[in-house]
Amino acid sequence: MEIHTDHHAPPPLTPKTDPVPPYDKQGDMTDEERVDAAFKGFVKDFGQDVAIHMEACIHCGACAHACHFYQTTEDPQYTPIRKLEPFRKAYQREVGPFAPLMRMLGIDSRPSVEELQEWQHLIYDSCTLCGRCTTICPMGIDIADLVKSARHGMYDAGLVPDRLSKITRNAEAKGSQFGTPEEFIETANAIAAAFNVDIPINKEKADILLTTAPGELEGHHKAFADAGKILNKLGYNWTMSSEAFEATNFGYLSGNRELQKRLTTALIDKAVEIGAHTVLLPECGHAYGAARWEWNLWYEKDVPVKVLHMTEFLDQEVGAGRIKLKPVGNTATFHDPCQIVRRGGLTQAPRRLLKALGIDLIEMKDHGDFGYCCGGGGGALANVRAAPLRHKVFDLKRKQIEDTGAERFITSCGQCRITFERGCQETGWDHPPESLMELVADNMID
Amino acid sequence: MSLAPDKETTDGFIQAILAELATRLAELASTGIEAQIDLRSLPMDPPKRAALDAKLGKGDVTATIADRAGRTEVFETRYAGVWRLAHYDMHDTLLMEEIAIAPVPDILRADPTDMAEAAARLGAELALDTKKGHAND
Amino acid sequence: MTEPQTVGEMLARKGISRRALLRYAAWVTSIMALPSSMTRAMAQGIADTKRMSVIWLSCQECTACTESLTRSYSPTIDDLIFDFISLDYHEALQAAAGHQAEEARLKAMEDNKDNYVVIVDGSIPLGNMGYSTVAGHANADVLRETAEHALAVVAVGSCATWGGLPKADPNPTGAVSVSQIVRNTPIINISGCPPIPEAMTGTLAHVLAFGQIPELDHLGRPRAFFGNSIHDRCYRRPFYDKGLFAKSFDDEGARKGWCLYELGCKGPVTYNACATLKWNGGASWPVQTGHGCLGCSEPDFWDRGSFYKPLPASTEPLATPLAAGAVAGVAAGALASRAAKTRREILGAMSKPKDAADTTDKT
Amino acid sequence: MELLDFARGPALTIAFAIFAIGVAWRLSSLLFTPRPHRRAEAREGTPSDAKAFVRGVFSRFIPHKTYRDVVFANHLNAYVFHIGLFIVVFLYRPHILFIEGFTGLSWPALPNTLVYGVGLVTVVSLGVALARRMTNPVQKILTTFDDYFSWALTVLPVLTGLLVVNGIGARYETLLALHILSVCALLIWLPFGKLMHTFLFVLSRGVTSVRLSRRGATF
């Protein structure tokens, strides 16, 4: 069995030396059709919150000071709220104060195709949906959420960075960007055997449905194995499913609403089907955003299933005394994954776990809800075109980590880990992060 | 009603008028140019007015003009050439006050027209008296 | 004995000395805010001039302007003005009546062509010429005829200057001001209801002495009397600046003489000399009696809302447009969001993006 | 009819009506806009939506200490002119009389001379805000016509107000009329541009606070 180091198959088709195109295009729509599709895609998201936020901006520019892309480049085009310009134009034309007047006078102020192409870089390459800008905005505008909405129209218009688009299509074709159910079973069994862990797959009835991310299947094999190890240790009735193993949601990242729905409902429906009360997500950030906070988009009423992130789950188990840990000692700093902490509400859970591990936490200058993104979130890691910019941002983070002088560097998101590992490769920095879950798995007392 | 101005404003105001007077007076002495200051149009409340009058004081000359149409009181202040004038109407209502900087205030001087008229009248009266005298002879 | 040719000669004949004339000139110079140095020139000017023929026309008026000018309660120095002018026609004051009176007017116009002054009080009705007539002639016609060869027309009182009370909404007589009738003769407006007597006599003395019209403001009023607002010259102004206001006519503030701004005083937008010249021979003036200025010397003062409404308050009730607007706005908002929802649904249904994957995925 | 009569009467009536219609229309159309979907169930132990909403509205008045240095000058200046505008509009005697004229409500005022000083500071502060908008690269790239127009309509009433009380440039009644007309212009524009943030900041902060609070995240 071949195990990729690149967690997002397939490998890049274009060599790095190729000039990065200013934008990518999918499909053979005419420019007019693209504008129309983007416009309609934007409009579908104009619910109450979006409407309120599109009206409230006072153009103060504070958001730039929270954004790592602006901070590291000082290029004003990366001002977060500006990334929404085409979205805002569509809003102004459709529901803004002068929309009726514009329609009456036949003024077409929809964004042009050139504008949409130009903004592709801003909506995808230079936004990691980390939501740090949301925390500085004096009007409380949730810019991160709006950029995610803007991606819907961009996807509909076939204006997505190619790499992102390809992964998305792969996921569409196979139900997971990793591969088919058969490929999953093959890989899962191989890892289980390698790490000598029992991984139940496709049990008909179980209480917990464990899910995974391609990163674990392709690179972080130990993380994959450790999740099983922990569940086995706790003695839960759990399983994985070859039809619903994929927690990663590239529909969420690329703006493909249909795929997002398909991936999320696959997990929830499978859990309901096997009578599971919990869908357990791996250490993955946006998986948490998609499955825990957006599953409700696709269901008319509540489902009898809880969605838990691994960190949250471990915190509960340790808190309840079902997992006992031996002290690790050491000092460590913790990288807060945006989707889990700032946007997920799990700020204290990882800190409680570190404390339970007897680790002396040295916080970075910016941490917790105000920590900087690793630079690879929101699909930026998968988007090879964004790499140069990402590396600049990585530098900012690296400095903050080094400044703590901590012995260990820990995080709880596989995507963040890969971003840091790539950064290490690129810069020769030898400080890859450890997985919080692996640390727990390694230090459980029998 | 209390509208007492604070002391400093009073002093400043009086100072300004006095400075103006000094300039005009020096000008009068050297060039003979006369001047007037209309006190009616200056915003002065009774305390200020009293303070100004106290400062100017009274000099050697006092005169009263009384005619069919009203009355004017004139006096020279402690400063030669600085005169205070007060005009009243025929019902003794104060019309206005002014300060004149002049050797003699204009209004005190007999007007040529009046003098001509007076001369004519005097002549006529003399003629009449002479006539009477002859008649008595 | 020859008839006196000039005012000076006439005064001398009456035994009034030049000193009295000088006193008068000093006073007029003062109230007209002319330089004191002009006193002698003014006295000389008056003395040298011939008595000026004045024709006084009364239209829709209440005679208060005449009352103000003649101040029947007591004659003062101002009475001198009657020595300076020849009031050849005044319905209320002249002895002549009927045809005799009208002939006097026509004779004065004939004898003093281009050299007489017309004083007008009252507004001129245009709604129906019969509303106000003299000797069978409509006011407008008499005014036009009389003003044509006048040196100047002096409109006294707010009726003659702006149309006055008769013009108040809904203006049943179609009243207009002198300036809307007289076209080719200079007009001096001396507004007020009634005007301050000194403003009238001072202006006449100026015209008499210098043979020219004094400096006027943008509404044709002598700047000397209408150059400052009541507020600018009000003795209560310091209380305004300190923010001390009477809140009712009998409260502590009113007793202490605080500013009447909040009780509707229109002093800040009213231009007149009440605060400096005062009324009744300098005895008092409205604000001194404890009542705010009504703004009687300004156009349409009676149509500018309540006399007791503070100046910053709007003249129309704003609660109504606010409430009605809010209701209408909510309704519009409900409709708009409904329409937007429908549009979104239509757009959403139409929005079937081509599946990009099928066409480009060659991997 | 003179300018002041027009300003005090029809202009204010029209401006108030448009202001009321505009604000009510904008706000109600936002409030009537349906949420596109249900909310995900809240994390256990998080505050109620109402509580989160209110907390969010107030918590954003002070920037988090993480950002205090970078936004300090800008926020300080914003506070100066916002508070300045508040004082000038609501604590100046003639303005209270104006409001009392149609609401019947009255409250104590600050001394006039103090308010004049505040007005001057407000104009200077707005000037600084404009200068920053025209020079700061980030603000420059965000600036639209709305920003300049709204700025002008905000500064005009303060400026004309200062001219009125100091009698500079024209006669009092002309200046007062221009002052009132500038207020009318401000009221008419307010619902349709960025000035609507006067009301929208409440909703905008509130909804994000609710979204994040339900997740247990801080806002």
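Should a chain be cited, it is by its letter among A, B, C and D, assigned in written order, with residues numbered from 1 in that chain.
Following the convention adopted for this analysis, a residue touches a chain if its C-beta (ideal position, glycine included) is under 8 Å from a C-beta of that chain, and two chains touch if they have at least 3 such contacts.
Worth saying up front: this structure is predicted, and the values here are computed from it rather than measured.
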Comparing each chain's Cα average against the average over all protein Cα atoms, the nearest is chain D
Could you tell me which pair, A-C or A-D, is linked by more C-beta pairs in contact? A-D
Nearest whole angstrom, what separates the Cα centre of subunit A from the Cα centre of subunit D? 38
Would you mind pulling out the distance in Å between where the CA atoms of subunit A average out and where those of subunit B do? 98
The distance between the C-alpha centres of subunit A and subunit C, rounded to whole Å, is 77
Subunit B to subunit D: how many Å between their CA centres? 63
Two or more other chains touching the same residue: where does that happen in subunit C? 336, 340
Check: subunit B positions touching at least 2 other chains come out as none
At least two other chains touched by the same residue of subunit D: list those residues. 22, 26, 29-31, 33-34
Please give the residue numbers of subunit A that touch subunit C in the complex, ascending. 10, 13, 26-29, 33, 37, 40-41, 43-44, 46, 94-95, 100, 155-158, 160, 165-166, 168-169, 172-173
Per the touch rule above, subunit B residues touching subunit C in the complex are 1-3, 35-38, 40-41, 65, 67-70, 72, 87, 89-91, 93-96, 98, 106-107, 111, 113-114, 117
Subunit D-facing residues of subunit A, complex: 45-49, 51-53, 55-62, 64-66, 70, 74, 76-77, 79, 81-82, 95, 97-98, 134-142, 145, 292-297, 299-300, 302, 341-347, 366, 369-370
Which bits of subunit C are touching subunit D when the two form their complex? 229, 231-232, 240-243, 245, 261-262, 268-269, 299-300, 303-305, 309-319, 321-330, 332-334, 336-338, 340-341
Subunit D residues touching subunit A in their complex are 22, 26, 29-31, 33-41, 43, 46, 56, 60, 63-64, 66-67, 70-71, 74-75, 78, 133, 136-144, 147, 191-194, 196-197, 200-201, 203-209, 211-212, 215-219
